[in-house]
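Multiple structures follow.
Both complexes below contain chain A, partnered by chain B and then by chain C.
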Partner chain A sequence: MTLLSVRDLTVTFGPVIAASGVSFDLAQGEALGIVGESGSGKSVTCRALLRLLPASARVTGSVAFDGQEVTALREDALDALRGRRIGMIFQSPASHLDPLMRIGDQVGQTLRRHRGLSGKALAEEVVRLLDQVRIPDPRRWADAWPHELSGGMKQRAMIAGALACEPDVLIADEPTTALDATVQKGVLDLLNSLRADRGLAMIFVSHDLGAVARVCDRLLVMRNGEVVEEGTVNRIVTAPVHDYTRRLLASHPDRLPPRPPRALPAGAPEVLAATGLSVRFGRRSLSDWLSGRTGGFVALDGADLTLRKGEVLGIVGESGSGKSTLARALVGLNRAQAGTIRHLGQPVQPAGRNRVTYLRQVQMIYQHPYEALSPRLTVEQSIAEPLRRHRLVSSGRIGARVTELMAEVDLSPDLGTRLPWELSGGQCQRVAIARALALEPAVLIADEVTSALDVTLQAQVLDLLSRLQAERGLSMIFISHDLGVIRRLCDRVMVMRAGQIVETGQVAQVFDTPRQGYTRELIAAIPHLPGAEAPA
Partner chain B sequence: MPLLRLILARLVQALPVLLGVSLVTFVLMAASPGDPVRLLVGDRATPEIIAVIRERYGLDEPILTRYLVYLKNLLQGDMGASLRYRVPVTELIASHYPVTLFLVLYTIVLSLPPVVALAVVSARNQGGLADQAIRLLGVLGLAVPVFWLALLLSRFFGVTLKWFPVSGFGDTPLEHLHHLFLPALSTAIWVVPILVRNLRAALLDEMGRDYVTTGLSKGLGRRAVFRAHVFPNSLLPTVNLFGIIVAYLLGGSVIVESVYAVPGMGKLMVESILARDYYVVQGATLVFALTTILVMLATDLIAARLDPRVSA
Partner chain C sequence: MRRAPALLVAGIAIVAAWGLVALAAPFLATHDPIAINFEALLQPPGDANYFGTDNTGRDVFSRVVYGTRYALYIGLLGVLAPMAIGMTIGLVAGYFGGWVDALAMRLVDVAVPFPFFVLVLAIVAVLGPGIENYFIALALVGWIGYARLARAEALVLRQSEFVLAARTMGFSHPYILARHVLPNALSPVVVYMMTDITLVILFGAALGFLGMGAPPPTPEWGIMIAEGSFYISTAWWIAFFPGLAMVMIGVGFALIGDGLARWLRLRA
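And then the complex of A and B:
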């Protein structure tokens, strides 16, 4: 039976068409996935279903839910529908929970509103719901504030709140994008089991085909506000019709060309080595000192690392595992409390007096391309800055060198006078890469450089990094939470957890015969495309 | 007990602040032209009499000695005596301080209800007629000088209509309320627009937050979301500004107290400065500084109470 029927849904913000002519049906108990990249209109479509868009949005078309036309409902009738018959969860649980209200109260809001529960009955029901979404010790966490919960727990709490009144449909807007892979797997499993237990219909929006495939039967692929392809998940993954779908699939880490295993030349020197590197945040208080505790928060605990010339080393771990801290310690952005760093056998101090020579050799690229570029500098100025600052070329040659560098990272020359906000995320990341390359470094440290990018852009940037590495014989440290990406790009991998390195080895060996339980857990959590387990 | 530790730590931090304040006022008063003794005895006193009085008050000592003696007395709870009134400074402060405190509290009580009402109406009809009107009135309230407004109000309601007394403080709490209504109102007229602006901006900010969308998606309705989520979150930035304003009101009571002849700290301060009554100025300044520190501490405690993320 069709529960929700959307016809010709079009959303415009002034002259901008955010979604255009979107039509689909959702049957009872069915899970429909909507996949697309940023700006494809998938979130806008979801919000339009519950009329959650700002007043500046103009919505036309029809949304029929169980015989009612949602677009024509009065505000009070709409509120009777929201949360009671249709629940919704969102991308970043942290910002979608009120920081000043206890978790239990936020979960209980729908119960109070729609079922009139209060007092003890309400509290009992909230605890039952939190237990149902597998929050351990629910009584305790019901009394907690949002900031005290981990990301995964916040998302679970949000799911509990959305499902409290047993709605018929759950709209999930990128519910796992902000979460670590293992946490994402937990949330996806939870959604699956809730669906099976309750016959819940679901609209699951994501940019990640792998995640969608874990939950959904049917799929819409959206691009630039339009649905370009529709069908069962299996059909679309195995036999995509539309060009864009093919490109999307080809960009998935599962489908990227694997890195051929290769041996480094026997005498390849160690370009970078660290031993016993430790970083602590926060100060050691007097009581810590007296009781012999380290004090503060230990973000990195005695990490050892070696990188040989021409090698690509992957560092993988979940948020808070210390992988970025390690990278930042290598370039002196975090001061190491203990440990030594050697560059070509010589001890160096990345934050010390003679750091300039060392840092010219070791350059870093950052996760958020927009934040890593000065908003006031044009592309050309950004790339020229290190050339000028270090007097790498004569001032007359700077323009020519910038053009060369832009060509090397596949930036079209006419972008030179643009400012960062006029560029796409992928283009910004290319500028950042060109800026790092301007110093002709021997080592490139890439810290989650593709995490903020859409999959197709991610594939392009990975491709670029791979090519540059091969052409220039760069040594590279590539940090990512995404094992799928690491597998495509790296020779060797280090797995980090809670500030420590738990496993290290050649990529093939770590993936095929992981020694640590934690590594196995990480590998199991990779959202693969269905039918096509990653070829080794 | 982290809360107790916070309070203790803040009070310890207050000591150097008070020491600094006392030193600065002491030096400034000593360096400012004019002689309290001459003002006290008049033009016809002989140099001998002046010398005797100087010695009696210890004014012939070097300034450093005078400061150290002052500090020593201060530690024993003795703030010195007024040259003009011949009574201990503590006594003067004890009689003037409650008046100012009453005036400030009265101003707060008069301000808060309109602040909340106007800010909420303004934010909920952003860009609408009510919003425009409120913002215009706010600019007016800020632009009108307090002393001028105070004079007008006192003339019209006090002299012409005779609804309110134009000076003094009264004897019973009811009389206090009656006497201080115009002074409190004149102050509130510039306090309200500042806080309305701040709260309105905070409300608009919070109304665009993600958790508002969550609330709406749960079918709570706009009103309930506003009450339960938007408003509490908007209070935080306003509480901080409010603390600063309260501290300022205590020190800034000079103008209204002078216009309405209210026997409070502001008036005492001005008169003492004009009469070069050193120890009264010293004492009053210290009391102002201490009050400011306490108000700021209270603000931080309230903010910590409102926001669970601030660990006290």
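And then the complex of A and C:
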């Protein structure tokens, strides 16, 4: 039976068309995925279903839910629909939970409002719901404040709230994007079991084909506000029709060309080595001192690392595992309290007086494309800055060198006079890479450089990094939370957890025969495309 | 680039008009602003004296016109030293953090509880009356607001990736502060400066009113209001027109500040 029927839904903000002519049906118990990159109109479409868009949006077309025309409903009739028949969860659970309200009360407010429960019955129902979303010890967590919950627990609590009135449809807008892979897997499994147990229909919006494929059977692919392809997940993954879908699939880490296993030349020198590197944040308070604790927060705990010439080392770990702390300690942004760093066998102080010589050899690129470039410098100025400051080329040659560097990272020369906000995320990241290359480093440290990019852009940037690495014989440290990406790019991988390195080895060996339980867990959580689970 | 909001345009127009008045004062003025004329004491506004005359027969219109020069001079120059000092202290404190920050902020904490004007008055009282001493007093206490704003910006900017990138490219701290932190910390400071100009003009006039600013025959609005206050029931025009001028110039700068704040927020 068709529950939700959308016909020709078009959303415009002034002259901007955010969604255009979107049509689909959702049957009872069905899970529909909507996939697309940023700006494709997938979130706008979802919000239009519940009329959650700002007043500046103009919506045309029809949304029929259970025979009722949602676009024509009065606001009070709409309230009866929202939360009661259609539940919704969002990307960042942290910003959608009231920080001053206990978890149990947040979940309970829908019950009170729509089902008129109160007192003991309400409390019982809240506990039952929290239990249903597999929050352990629900009685205790019902009394907790949002800040006491981890990201995954918050998302579970949000789902519990959305399920409170036993809705027929759950709309999930990027519900796992802000979560670590293992946590994401837990939430996806939960959604799957809710669907199996209760026949819940679902619309699952995500930029991640792998995550969508875990939950949904049918798929809409959106681009620039239009649905470009529709079909079952299996059909779309195995036999895509539209060009864009093909490109999207080809950009998925599962489909990227694998890095050929190769041996480094014997005796390739160690360009970078660290032993026993430890970083502590915060200071030791009086009470720490009295009770003999070290105090502060240990972000990195005795990490060892070696990087040989021409090698690509991956560092993988979930948020808070200390991988960025390690990278920043290597370039002197974090002061290491213990441990030594050696460059070509010589001990170095990355923040010390001779740091410039060292930093010219070891360059870092950062995560957020728009934040990594100084907002008031043009592309040319940004790339020229290190050349000028360190007098790497004569002042007459600067322009020519900038052009060379831009060509090397595939940036069109006419972008030279643009400011960062006039560029796309991928272009910004290319500028940042060109700027680092201006110093002609031997080592490039890339800290989550693709995680803020859409998949197709991610594939392009990875491709560029691979090419530059091969051409220049760069040694590279590639930090990512995404094991799929690491596998395609790196020779060797280090797995980090809670500030420590838990496993290290050749990529093939770590992925195929992980020794640690934690590594196995991480690998099992990679959202693969269906039919692509076999190791490449 | 978005179009500048109407508020900003209106503010700039008002301030620019006052700027023209100040520049063209000798041509606009109908009389010598300090010439005493016992033939025409306390004349109401009319054809001979547009804004009337004061108790010594000086032409109020000409005095208001010349007073614009003092107001703008005080307002524009008075904020420069506090801004320069405050920006430097705030940026350095926020960027380096640690004990530098702690020291600068304790200094701010000490100065904050005293009402601004009381501090300025106290300093001018010690140094003696005069506009130069007013500037010195402003430099001593006016930097605090700028320092707090600049520090807050620097705290955010020092963690931003382009500043980290500049550090890992081996640039020196002074260079990073000047080239990457300062330009990006400027916009809220400029907005604050606009409201500060209004304040400095008002306080300058208040000092004149209290006899601690420019010496008496000077056509300065504060002095004019002080002199006119004795005749407020019989010759209202002496105090009214300089007061009105002050309100209008204040509104002009306030509009610029407001419009600028909105414009910058829109662009962000």
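What we mean here is this: the second predicted complex is superposed on the first by the 532 of 536 C-alpha atoms of A that agree within 3 Å, B and C clash if a C-alpha of one lies under 4 Å from a C-alpha of the other, contacts with A are read in each partner's own complex, and residues count from 1 in each chain.
In the analysis below, contacts are C-beta pairs under 8 Å (C-beta built on N, C-alpha and C of every residue); 3 or more make two chains touch, one makes a residue touch a chain.
Worth saying up front: this structure is predicted, and the values here are computed from it rather than measured.
Student: In the superposed model built on chain A, check whether chain B and chain C fit or clash.
Tutor: Chain B/chain C on chain A - fit side by side.
Student: In the overlaid three-chain picture, which partner chain does A:Q109 touch, first (chain B) or second (chain C), both, or neither?
Tutor: A:Q109 sits against chain B, while chain C stays out of touch.
Student: Regarding the shared-chain residue A:L97, is it in contact with chain B (first), chain C (second), both, or neither?
Tutor: Once the two structures are laid over each other on A, A:L97 reaches chain B alone.
Student: A:E471 contacts which: chain B (first), chain C (second), both, neither?
Tutor: neither
Student: May I ask you to decide whether A:D197 touches chain B, chain C, both, or neither, giving the answer as first, second, both or neither?
Tutor: Touch status of A:D197: no partner.
Student: Given the superposition on chain A, what is the angle at the CA centre of chain A with arms to the CA centres of chain B and chain C, as a multiple of 10 degrees?
Tutor: Value: 30 degrees, nearest 10.
Student: Per the contact definition in the header, classify A:L52: touching chain B only (first), chain C only (second), both, or neither.
Tutor: first
Student: So, A:M158: does it touch chain B (first), chain C (second), both, or neither?
Tutor: It touches chain B, and chain C stays clear.
Student: With both complexes superposed on chain A, which partner does A:R84 reach: first (chain B), second (chain C), both or neither?
Tutor: A:R84 sits against chain B, while chain C stays out of touch.
Student: Please work out whether A:D414 is in contact with chain B alone, chain C alone, both, or neither, and reply first, second, both or neither.
Tutor: After superposing on A, A:D414 lies clear of both chain B and chain C.
Student: Once superposed, minimum distance in angstrom between C-alpha atoms of chain B and those of chain C?
Tutor: Once the two complexes are overlaid, chain B and chain C approach no closer than 7 Å between C-alpha atoms.
Student: On chain A, which stretch or stretches are contacted by chain B in one complex as well as by chain C in the other?
Tutor: Dual-contact residues (chain A): none.
Student: Hey, which residues of chain C end up touching chain A in the complex?
Tutor: By the definition above, chain C touches chain A via 160-162, 164-171, 175, 179-180, 183-184.
Student: In the complex formed with chain A, which residues of chain B make contact?
Tutor: Where chain B meets chain A, its residues are 209-211, 213-222, 224, 228-229, 232-233, 306-309.
Student: Where on chain A is chain B touching in the complex?
Tutor: Against chain B, the touching part of chain A is residues 47, 50, 52, 75-76, 78-84, 87-88, 90, 92, 95-101, 109-110, 113-114, 145, 147, 158, 161-162.
Student: Chain C touches which residues of chain A in the complex?
Tutor: By the definition above, chain A touches chain C via 328, 331-333, 355-356, 359-360, 363-368, 371-376, 385-386, 389-390, 432, 435-436, 439.
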